[in-house]
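One chain, chain A, appears in both complexes that follow, with chain B as partner in the first and chain C in the second.
== the complex of A and B ==
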């Protein structure tokens, strides 16, 4: 397996990561599932569980339908204080690539700003991704799986929005 | 009786209303009240949760845990016995154990290498007898220094069905007596001796008083109103068949509910904004509920063990939720999800999938932490008001329905007696 991407492919991958973050930072939740393949998984897991091989994840979705159910939950069924997220996502490191898929990981930091409050470091961690090349898709790539392994040991009260 | 407070305003700490249906805001904010709670509930007279035996399966395994604000270590001895010792070196007070879990043959404080057995006995003190210099012994501990009197603080330990509780109080009553027969029955319903399988943790810091979480799980009024998923899918509705039971001192409780009426409109949904009759999941595996023989009739039993533990059984999702207060205005809330040794791979997947409903990001329970924060916001802003818990009356009794706040009144009836407030 080749782990090199062409410069053009890497730039498009970089853009994909940045667009994903921008979509979340803009609160465009309905567009969030568009970054995923129809068969996909999205998980947010404490580093403690990940490192120890414990299977529990704070959020664990196994289909695009589950992502849409989360969006409905954010919009309609949970009661919470709204907040802004700001993602800072490092350059992805590609660990494997072939003509259809790319494995990559990238560090992220998410800041949270609540109304009338100072900004806080909300969640930091690492995306571990499997991406599909998708020339027909808006951003050229689709996530087949995204695992957010977070260092932040205590979640400051609640986690409503995706990371 | 009232307390002297740092503000000197002792009238502010007088419980004015009779009974326990109006709880003054200062009960959630006053630092002296909070200190008394730690002393009387967490450090004396009560059993506090520390962990599961499944977290320390092998000899030498340990897990760092919390009782109130104190750090403790749950450890399995070489003979298989379980001990709980305070994480505080007898020498200079160092909370020496910094790892959250691991395996050791002895407990060592690296500061001066005092070492202790897994039982907490002091085994070695470097240079206890001094050192030889030019033929003379210099330094060392005084001749009457007795290692037997300088071990780690050893706690009382009770393990039942694989769940470990501990107490700093050597005179604490036996654990079964502490639970009482009614609550013991519901405790044993989950922890009936089957080996538990650890699935993992969720940890959150909630900016509210620790009692608000006990109250949240003694409040069957809110789930069918706040939690859209519960009311819409019938997991928890006000017209579900239900029972609310307490121990004879009203400190522990079990909220017992049987699922019904999913998706149907009725008295329990009329005017309830969170009831979404048309709501359909895109992926209904979140609610792939398979009844288990050990449940008996109820589909959910939420048990509060005062002061530190909530036992969750909501359909196939089971967890312990550990309350760790840190100051009057916040607490850490640690969820330990588990399954059972005889679970099929499919059942374990189901438990993990349903765990999406709970925890700090849960489809159902993410907003419990939020409402606790919003209550505390008001408590912190004024001293002269009280909460009102009068659904179902002002008295305390077990009920065959859930349209009541009797369990919260029960807890404060007990709280007032112990706190002498």
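== the complex of A and C ==
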């Protein structure tokens, strides 16, 4: 399978990754589902389970509707101490590409800052993505699946916001 | 056919579970009313050892999310379990619990 993208396509893919991170870092949760296709999957899984092929995941959403439901939870129903996130996302590595889809992965580090506290490393791992070319969509691409495999077995406190 | 010795029967507590690690794998060994059963030790849902779980009759409950397996058949009995658990033929030889490993 071809793994080359045109320079324009790669730059737009790069921007997609950066805008995704920017949207989350700004706390614009309502805009988060816009990065996904209607039929999609979003999962956050510890590496210990991913490497063993075990299904246990910290978050596992199977449609855009579930992503919207999560946003509603963040806004209305979950009880938690708010925090800021800061994503540092590496350049995506394209592993497969065809006319309609691109498979890619990228390392990420997410830092967490609580009010009146020092910044902590919150979650570090790798996005493993399947993206659809979507010229009509706002960001030019849509995630059909995003799997966040994080390296530590532990999550400090809890995971409220998406990565 | 290979029979793998795991543990002396004297070390098996009644109606409880112990874990044994071998190069061939990690195994959970149960003794229920005098009968010995052996399954894989790793839960099929997440990275947890069943020997750290709770044995109720012939059901082992995973300590992580309370999924239960039937130790006789390996059947997954409730959510969040989907995949059954590998279980092994057992014989007692020279006071040792031995299991038969399938040729893969």
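Here, the second predicted complex is superposed on the first by the 163 of 163 C-alpha atoms of A that agree within 3 Å, B and C clash if a C-alpha of one lies under 4 Å from a C-alpha of the other, contacts with A are read in each partner's own complex, and residues count from 1 in each chain.
By definition in this document, contacts are C-beta pairs under 8 Å (C-beta built on N, C-alpha and C of every residue); 3 or more make two chains touch, one makes a residue touch a chain.
Quick caveat: nothing in here was measured; it's all calculated off a predicted structure.
In the superposed model on chain A, is it clash or fit for chain B and chain C?
They clash.
Count the residues of chain A touched by chain B and by chain C, then name the partner with the higher count.
Between chain B and chain C, the winner on chain A residue contacts is B.
Go through the superposed model and pick first if A:60 touches only chain B, second if only chain C, both, or neither.
first
Where does A:44 make contact in the superposed view: on chain B (first), on chain C (second), on both, or on neither?
first
Can A:77 be said to touch chain B (first), chain C (second), both, or neither?
Only chain B; A:77 stays clear of chain C.
Could you look at A:68 and tell me whether it touches chain B, chain C, both or neither (first, second, both, neither)?
It touches chain B, and chain C stays clear.
Scan A:156 for contacts with chain B and chain C and give back first, second, both or neither.
A:156 sits against chain B, while chain C stays out of touch.
When you line up both complexes on chain A, which piece of chain B, out of 167-175, 293-301, 329-337 or 383-391, runs into chain C?
In the superposition, chain C collides with chain B along 329-337.
Considering only the contact definition stated at the top, list the common interface residues of chain A for chain B and chain C.
46, 48-49, 52, 54-56, 153
Spell out the residues on chain C that touch chain A in their complex, using ranges where they run on.
The contact residues of chain C facing chain A are 42-47, 64-65, 80, 82-83.
Considering the complex alone, what residue numbers of chain B touch chain A?
So the residues of chain B touching chain A come out as 100, 198-207, 226, 228-229, 274, 276, 279, 281-283, 285-286, 332, 337, 348, 352-353, 355-356, 359-361, 363, 366-367, 369-371, 373-374.
Which of the residues in chain A come into contact with chain C in the complex?
For chain A paired with chain C, touching residues are 46, 48-49, 52, 54-56, 153.
What residues of chain A sit close enough to touch chain B in their complex?
Touch residues, chain A against chain B: 44, 46, 48-49, 52, 54-66, 68-70, 72-73, 76-81, 153-160.
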